[in-house]
Amino acid sequence: MVITPVHYIIAPLIAAFAIPLLTKIHKDAARVVPGIVLFYNVIVSFVLMKHIREHGMISEVLAGWQAPWGINLVVTPFTGYLASMVSILGFIIWLYGFRFKRTLKGGEIKFYEILQMMMIAGSIGIIITGDIFNLFVFIEIVGISAFSLTAFYRSRDGAEAGFKYLLIGGFASAFLLLGIIIIYTQTGSLNMAQIAERMPDVPQQMKIIALIFFLVALGIEAEMFPLNGWAPDAYSQAPTPTSATFAAVVSVAGVYALIRVVYTMFDVEGVNNYLMIMGFVSMLIAEIAAISQKNLKRMLAYSSMGQIGLVLIAFGIGSKLAVFGALFLMLNHGVIKSLLFMTGSYFIYNTEDKKIKSLNGIYKKLPFVSFLFGLGALALIGFPPFSGFWSKFYILMSAADEKYIFLIIGILLVTVIELTYYLRVVGRIFFAKEEGEPASHKPSVNAIIAMSSLALFIIVIGVYPDLIMPHIQSAAEALLDKSNYIQQILSLN
Amino acid sequence: MEGIFIKILGAFLTAILAFVVGMLYGGLRRKVIARAQNRVGPPIHQNFLDLMKLQAKRTNIAHGFMGHMAPVWIIIAAMTVLMFIPILHGNLWFENLTMKGDLIFLLYMMVFGSLGMALGAGQSGNPNSAMGVSRGLAQLVGFEIPFFLALIALMIQFNTTSIAVLMDHQEATGRWIIVDNPFAFIAALLASLGMFRYAPFDIVGAPAELASGPRSEFGGKYLGTMMTGGAVFAFIKLVMYVDLFLGGAGNNNLEGLAGTALGLVELLVKTFLLYMIPVFIGLVTPRFRTEQAIQFFWKWPTFFGILAIVWALYKNGTIG
Amino acid sequence: MEIIAIILLILLVGSFLTYFVDSFNKKWTGTTAFLIVLITAGIFFTKIKSGYQFNFQLAGLDLQWGLTDYSYYFVYIILGLSVLALLYSIKYMEGKARLGYFYGSFILTVLGMLGVVISQDFVSLFFFWEIMTWASFLLVIYNAYYKIKTKGIKYMIFSAVGAYAMFTAIVFIHVHYDTLLISEAIAKGAFNFEQYIYIPIFLLLGFGIKAAVMPFHVWAPPAYAKSPMSFTTIFSGAMSKMGVFGIGLVFTSFYLSSNPENFFWVRTILGWMGGITAVMGTIYALIQTDAKKLLAYSSVAQLGYIIVGLSTGTQLGVMAALYLAVIHAVFKGALFMVAGAVEKQAGTTDMTQISGLIRKMPYTFVVALVSIIALAGVPPLGGFVGKWLLYEALITESNNYILVVVVFFSSTAAFMYSYRFLFGLFLGQEEKETEHVKEAPATMIIPMIILAIIATVAGAYPGLIFEPAAKAMQAIGFQDVTWQMSSLTNVWGDTTDLFLIAMLIFAVFIISFVFLTLKGLKKTRYVGTKDISTSGELPKEWENLTFQLDFFKPFERAAAPLYKMDMNKIWKDLGKNLEAFFGFFRKIYTGNGQTYALYIVIFLVVLLLFRDVLFS
Amino acid sequence: MSEIKSIGIPTPEEIKQAQIDFAPRCTSAGRVNDKETQGMVEHILNFARKHSLFVVAYGTGCGAIEIPATMTSRYDAERFGIRGAATPRQADVMLITGYLSTKTLKRVIRVYEQMQDPKYVIAFGSCAINGGMYFDSYNTINALDRYLPVDVYISGCMPRPESVIKGFVKLQELIKNGNAGNGEAYRSDLDWYRKNQQKVIKNWDFPDNYNW
């Protein structure tokens, strides 16, 4: 096997150092190289996915130290699925942002590109690492990239949002580290598989306290209520491709980390209920907050939080079908929310403010973008024949299997709220009386390709979900099969 | 073949009877009112003269196709309903299409004429006509409710929706429905006050207030035809009430012409007595406003109607 | 590939095709859409017979598409009306903006409706139901412009609540009965009120909202009135019937599988909901001044009758409901087309603005007249048959005597708005403002006339509709449905011979019409509407002789208590309060970093404090 | 002389001219219904017409008060088949009960033209015949039959109900003989009537065609 999981991380790291040098040769290098790297990651994903389908999971050992002593990268169907998803979405976001970034000042662009690439690479690292301290490191990489990107536009609001993110991210790091320390003192290991193996021997109190630290720390990353105060500001102040990345990549990584810790490492009762309740509260509060937003990006940010809440509910339910639905929803959310941010950014670009009010009749100016936004909105709400329908369908099915009647009704009512604010925006876009001049910024070709590919995915998966379902199925199985994971990793050495 | 001949002849006979009796009753009403007011009053045949004069008008105007059609609608409604009402019980000549339509059909068919007339009145463009129609339709909603309640009471008490079967029943038991279900009769009778549109429910065509309302733009042959229709309708309503509540007419054992003649006399007596009720009430009452009229119909007549249903259910054995 | 899949694919591709034809050449958009649906209808009716079935697997679910006689009955409504509406639409929509958008969504809506009736499993049912809902939503907001915030969203919210209620029920059917096939669910008694009562209730809620049952009817009038008329034809004529379709399916299977005596309350509640819907729709229809709104409220009322018919659960009642479903689609479709024609030609349908169009639009008027007579239920047109069946079902079979009075009240009051519609648009003074009005183009007239002819023929030969309706009833479990071609018989054996009635009316009509016309033919003159007896005064041009405002004020005064119950206001208040409530919760996100930090710490502390409660 | 003129009394020349201009022109051109020529059918119809007189009482002057008395119990005109009509469309007889100001004349003409043939006019009192006490008023017409064809004049100021009934009986007689009903005459002499009407009615705004 020529391509190994470590390529995921090595390539961006090398590129990150190389880009400043390469910019000396050609100033476009800063824009092109990340693309090449991210495309390489996509290739890596495909190769690895093919490999694990044929030969089972991969656990790659770094620097010759065998697990559980060394750092290992694990590609199971689960992590492989998420890593592929993240890398593909990362690449599409890069494609989208390729020309968009031209308007930035030349000096900053390489930083932007590097940070963006590192954020995606870090997220992939979070997903594929098998070592808890390594996880912490990758979270820090992502975090630092994200803080800087949030404050990328050196405006007052941007700085404020970045600082908030930094502050809360600091909490996250601290608590995560605390949790890791407790776990390490108790189990003497940093390898997730080994921790999981030794977990039954840990005293209950220690276990729970460690878990709580993990839950809070990773809850911040996963945008769980009430730890998600940073999210609306960060989403709305960051450059739009970054917002899309937050929604499609970073939050996925955050949820992954949370789920990995909860599902694999700990064996505590009640955590599922915790996830379910907090997921529901997150969803409810986020959607309620979203309905009265006047800023498009903030609205989308709250909506993201709501969707993540739904993912958490599904993980909380914990049955195979629920996990399947959750994974499907993570994919859908990544795709659809990216599409919404991408199209939304063109609206903002043209109206020159982020207000929903100024979207009136923008359909006339940007027909195709408006069409895609409408499509995305309908898909996100969960209307057939779009992909969003199926994920919601399976999550509700799984909830019903466990007889959570009120949960189902609650989710559906929250969906009604969601639908209300999305369709208000859609109605505004298409039907309000238009104001102002014709569009000054038409979408460029690369952006159209990026958005269309996402839209195509939404429709194709919506009409024929069987295309993607086996992958998600095996991913869900891999996540739930904890003993297999432990066995495989510990015996692979 | 002979049957069809008799049927057609009978239909014409029925129509003529209804027309003559209706017109005469109209004349009688005028006479009665005049006598009550201590006047001599017009002769009984005055309505025939009026009709003849109206038809003898040399010129006529219509405001359009619907205006031209309005009297036709009334005649259609009148003749159609007439054909489905049993005039004399079991009489071949007056049988017509009695068994081919039931009460619900009659109820709706009777509205047909008013609706057609309303359309004709509407086309004239006279605001008075439109106002009259508005009041008339509103009043219709008022009095149809108790009437329908009474009909339902009869239907469920005797398990039929056919007026002919109700007549058969009365003949078979020898007891009039007014005895079997008096409340239904009261409700229907009160509703009939609105149906005849005499005072106090004559605001629809109030001459001084609305310039005779819906009819204000009709003259000559149109008005004459309408009068004909109205006369036939008066007869229909009376016969219907007699059939429903007063045992109908023609329940005698005489054969042939004598039986028919006796039946007709019986019919005339019953209908005349019935007719005098709205006439006399009209004599002594002033005029209700539309909403007062509606509210009146929705109070006591409706109460009696509901009572009638309860009574019917009690008699039927469903409750009690 | 299966024929049904091809049909749906044609519609799907056709939707996009129409969209692109529009950007290529605006003139052909309408024609393309019409041809696509016409071809679809042609293929459907020639290739697919009832009893057709198609099983396949998708997304790990066993799906089943097919057609019973029952669904086929609704296919007639959907495709027949769609073809006519699209033919009508060609000229109606001419010159309007965003034609591609309109026709694209239109075809998608047709696809959704067709999908709903061919679905024999719940997942596809819900799938297509949702497609239908959002596609129609796009059409509802087509004309709404800045009213989007209230009018369109109201429709969508209600629809979504309905759809999700239905979805909840579907999910529970899956859980409790382990099936997603409708036929299996019926066989296992899933719609029964005895076992899991929330399943049928949620299903009825879902279907009932689409059928605009009180108190969820508030979305319907604005949505019907605001959409383009060619779409409202479908919207009110066919799409609301999807709700009827569902209720019929659920309810009858419930009746036939259980002892109705035990569940008298279910029947009563549903019947009364239908009855109150009918009354509410009627009394609000008659105070409208906009013809479109009047028709919209009237649609709500008519759907109420259908619900009442279904609620009886008896043979005659269900027959009445099915018959009314078709005849309502026919006459209300024609009436909405009439309103559209007036709107197109005269610029508005506000009855206080226009009047006296009868001479300018004679064909339209004749269609309106026929349809209104059918709507009012006056013999000899098709509407009477429905009314007759309904009353007889309530009186003879269902023993619901007070309900029948309520229904009767509604249908008598319907005379008022029926008259109002004709008078408001076509009769009355011919004002100068409408002098320029011309008759609508032929492609708009032809579909109307076809519908009017159907309404007329159905009056004399209702058997033409009874035949498929009887088959449909047999398909949902009724045995030995009897019907006659042109006469009606109730269980007590009383008949009404419609053919005779029609012939009699025709004969009397000919005789009296000829007599009245020929008599004094030369001396009979037609005069204008300004020549009226106004106490000798000569009406000036500017004088207003049109009586249109507050037309039924006396009735309003008499029925004032009925008008006090305004569902619309209740829902609006609810919405406002909810938004205020949400606004309060939104303040959790203060935008202050310190607060957020505080939240985190407090949350951590709370978790640590209650760790024993939460985790073990 | 000039003083006399100032109060409006016409000069002999003017009177002469006026006699030429305003001479009543009730020709028999429209009389299709003479006693000699009328056939059996027409005879019967005239019988009906005579016994059924729907009255539109144009209460122009003081005579309006006599109408209720005539119609109600004491004199009971209904026994002759005389009955009020609500609108001119339904009416046969128009009663001009007293003086006619020019303003009212316009309305009266309008009402008359809206009535259906055969239609009759009965003029009450001296005011309608020759102006009566208003003979020199600036706003009252003097002789009604210059503007409308009048069938029966009832003299008096005002005529009592007995006279009114007598007038009606006279009208019935005329109808029976086929001498009443000047609608045809009005139509045939329309130009002349119009000229006279237009002379006194200043704000003339009738439609050009006369549509009964």
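Per-chain numbering from 1; labels A, B, C and D assigned in written order.
The rule we apply is simple: a contact is a pair of C-beta atoms (placed from the backbone, for glycine too) under 8 Å apart; a residue touches a chain by one contact, two chains touch by 3 or more.
Fair warning: this is a prediction, and the values are worked out from it, not measured in the lab.
Q: What chain lies farthest away from chain C once each centre is taken as the mean of the Cα atoms?
A: Relative to chain C, the chain whose C-alpha centre sits farthest away is D.
Q: Could you grab the centroid distance between chain B and chain C? Build each centroid from C-alpha atoms only and quote it in angstrom.
A: The computed centroid separation for chain B versus chain C comes out at 37 Å.
Q: Just the number, please: Cα centre separation of chain A and chain C in whole Å.
A: 44
Q: Round to the nearest whole Å and give the separation of the Cα centres of chain A and chain D.
A: Centre-to-centre distance between chain A and chain D: 98 Å.
Q: Where the CA atoms of chain B average out and where those of chain D average out, how many Å apart are those spots?
A: Here chain B and chain D have centroids separated by 40 Å.
Q: Mark out which residues of chain B touch at least two other chains, giving numbers and ranges.
A: If we look for residues of chain B contacting two or more partner chains, we find 57-61, 211, 216-217, 220.
Q: Which parts of chain A, given as residue numbers and ranges, touch two or more other chains?
A: None at all.
Q: Which residue numbers or ranges of chain D touch two or more of the other chains?
A: Those would be 87, 89, 117, 211-212.
Q: Mind giving me all the chain pairs that touch?
A: According to the stated criterion, the contacting chain pairs are A-C, B-C, B-D, C-D.
Q: For chain D, which residues count as touching chain B in their complex?
A: Interface residues on chain D, with respect to chain B: 44-45, 47-49, 51-52, 54, 72-73, 76, 78-81, 83-87, 89-92, 115-118, 183, 211-212.
Q: For the complex, give me every residue of chain C touching chain A.
A: Where chain C meets chain A, its residues are 58-60, 101, 123, 126-128, 130-131, 133-134, 137-138, 141-142, 144-146, 148-149, 152-153, 156-157, 160-161, 164-165, 167-168, 171-172, 174-175, 198, 579, 582-583, 585-586, 588-591, 593, 595-597, 599-601, 603-604, 607-608, 611-612, 614-616.
Q: Please give the residue numbers of chain C that touch chain B in the complex, ascending.
A: On the chain C side, the touching residues are 356, 358-359, 362, 369, 373, 376-379, 384, 387-388, 391-392, 395-396, 399, 401-402, 404-405, 408-409, 412-413, 415-416, 418-419, 422-423, 427-430, 487, 490, 492, 494-497, 500-501, 504-505, 508-509, 512-513, 516-517, 519-520, 523-534, 545-547, 551-555, 557-559.
Q: Which of the residues in chain B end up touching chain D in this complex?
A: So the residues of chain B in touch with chain D come to 30, 34, 37-43, 46, 49-50, 52-54, 56-61, 207-208, 210-212, 215-220, 223.
Q: Under the stated contact criterion, what part of chain C meets chain D in this complex?
A: 523, 525, 527, 531, 533, 535-538
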